[in-house]
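Below: a set of structures, written as structure tokens.
Two complexes come next, and they have one chain in common, chain A, joined by chain B in the first and chain C in the second.
Up next, the complex of A and B:
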């Protein structure tokens, strides 16, 4: 009976799920942190910081995540820092996620018209104050949807950690399929992977639902409205 | 209407080029406390560039700017930042901060610049909103205000820093005609209260009524300067006469 198979292995699945959720949460926190840092660096007034951010983004963005993962796990011991599989997965997801997230942050900041910055400057505010109180709060609106997309990708990408032997949810599903196939002779692959699909779907749906909730709250306060007049023209 | 003798802001021999265009070509002007200066001229004449040099938003390529007798180092952003608390600016497109209510727009700078604590700033902001006749819109977001209302909030926001002088960069040019009057009336009333102001505008009626002195600019140079009666009635320069006739 298919349900029996799921119930028999429920405890097993839950330990895998715990790993997945732990890895996903840590990855999201770290990746968002890196995105903010690198994103702000890429709009800095100091050229050196902008170039450093650009190099970081271009490097980590242009490598496939899978290669990235293996590169870090097998490369780390060579520079004298052996990493546990979980840590290697966290690091590579963070570096990759941070690079993509930084571009989203940069795009969001640039979407806020220069006039906002000029207007705040004219009031005598310092540069960091302008970012903190004027630009970044407004940048939340253009950043939120693509950042949510990146977050769901990262949650799904935690399944790659299975390649390093981390016993996260997908790996558990794999083990259950293999074990049952060997023991009973027929493969419950469709059932088990279907179950795994539903679980990932549930987690990612929760994320996107949360994101839409915040989007609606932001819209209510006029975050998405740009109060510019029609027929505005620049004069010398 | 008193004017003191020492200029509040003095600009000498300003030059500013954007690419190959000379927006300012050896421009000098000064304003004294209590004086109302209006700058007129065709598009591209350098009017906007000039007033943006007076609060450091544009840094001139050459020339000297003194504020209250003290020379301002052209590249010193820190010095300009402190000066900007004494020089308010109102823009053509008002650029209120859309994520803040009217009253939050007004209190942001005074509180963050350390001018006054939040409760005091809110009290002052409410008084300013009354002054611009928008007391009931304190908690409204800019998206729900008309253009004229937004511009009046923008003026209140600039006044909140208690500036010594207000710069206006074509404050009514982007407004629908029926809203221009409410903003001009406010500016006239500010002038009557003794506010020192430099106004770049196309509104000749306003200029005639309020200005102590009018500058006519063309192609990056001040062509003629004088009292309104001279600039609008008895021009010394033919270019001034032609411009005034064209827009009259």
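Up next, the complex of A and C:
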């Protein structure tokens, strides 16, 4: 009987999974852009940009993600742009993921020795050239493991979109539980939510494994991975 | 619709918000305390490689860290009654946050224990100090010093994530705010109010973390 319930709703679950993956991938792409921008701002030579970046990072990281999500969804109509739940979730996760990613990018850039900047300047490279050809290519390897970790956190955080009514995987699970309870009189919550946990576990542990793989590869080249920013793994 | 920012409205809803804040603080305080206890216990069985328990602790950490907290909360609140374990909204929330924070604390505290040098352990063994005493007299005082900043960071996350409990209807800060929002539609005022409260809580706690780091490192500074 329990297996039948899962099999009957398999197609339904898959549509939810597709939504989850689409939301996670879109968020990831946008969040990496924001991370790069804010991360570069936080190592800028201009004080004003550094302070702006610091405020951005602290603001989005210190407010619970759920409050941030609800604020964007309910607050957007006030400035005249009502957002669809999916867009609101995408925007909220991007701003939040960008704040966490910015700390990773900053850590990666700071891990590069001061002498590299000095030598590059001595060779006559302009500032943007130093970043483009010297700093960023080297920073990429050490930021890869924590960035993959951020990816895991983002996949988990997409489950919050269910609270706005986005039909992602967890929302589908809730619908199945409600519908079955209504039809049969007893709740299959244990089975369905247990199943949901296992599906998220499969996706996220694959990503965690990838993150560890990157880390080991990095250690082989003699570098050590930069530490993830404080409290970031625990964020979702 | 003209929307003026109404400070008086925030002041008028302050008693309700403070009631919510009280709930947030109570549920977080319970969860944070229990999560630290789980962390110490789990980290101990991990470093001593206690058979069965060590593997269980490892699996527990992996599972919790790779699944969303929101789904865990729903599983505990709606799913566990099927096993005859029916918890109230409050205790479901407290258990969910504890289980979640505990998993992170095991790793935090294990990291602290691992930072205690191997020589200490060997010396303790040579002196015939048993494992429990080693833990209490050597590993905890030395290891916790290293682990405390990350434990406190996890605790801050527990506090922030208590907002998720509004999804199962616990009347904590976010729930109260959303409830008032649905009555009065004072969106901006409500979010400004709870945003400031959360920001104030988290910033003062992270100040405490930095302060703790400074105090704990005092014996190791040269000047």
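For this structure, a couple of remarks:
We adopt the following convention: the second predicted complex is superposed on the first by the 205 of 236 C-alpha atoms of A that agree within 3 Å, B and C clash if a C-alpha of one lies under 4 Å from a C-alpha of the other, contacts with A are read in each partner's own complex, and residues count from 1 in each chain.
The rule is short, and it goes like this: contacts are C-beta pairs under 8 Å (C-beta built on N, C-alpha and C of every residue); 3 or more make two chains touch, one makes a residue touch a chain.
Please read all numbers here as calculations on a predicted model, not as lab measurements.
Once the two complexes are overlaid on the shared chain, A:138 sits against chain B while remaining clear of chain C. By the touch criterion defined above, A:180 reaches neither chain B nor chain C. When the two structures are aligned on the shared chain, A:119 is found in touch with chain B, with no touch to chain C.
Of the two partners chain B and chain C, more residues of chain A are touched by C. Once the two complexes are laid over each other on the shared chain, residue contacts for A:205 go to chain C alone; chain B is not touched.
When the shared chain is aligned, no partner comes close enough to touch A:148: not chain B, not chain C. Within chain A, the residues touching chain B in one complex and chain C in the other are 230-231, 233-236. For chain B in complex with chain A, the residues that touch the partner chain are 23, 43-49, 55, 57, 81-85, 88-89, 91-99, 108-109, 112-113, 141-145, 147, 150, 157-158, 161, 170, 173-175. Those residues of chain A that touch chain C in the complex are listed here as 58-59, 62-67, 70-71, 74-75, 78, 152, 156-157, 159-160, 162-163, 170, 173-174, 177, 187, 189-194, 196-197, 200-201, 204-205, 208, 230-231, 233-236. Here chain A touches chain B in the complex through residues 115-116, 118-126, 129, 133-134, 137-138, 221-223, 225-236, going by the rule given at the top. Taken in their complex, chain C has these residues touching chain A: 3, 62-63, 65-72, 74-75, 78-83, 104, 149-150, 153-154, 156-157, 160-161, 163-164, 166-167, 174, 178, 181, 187-188, 191, 194-195, 198-199, 202-203, 206, 209.
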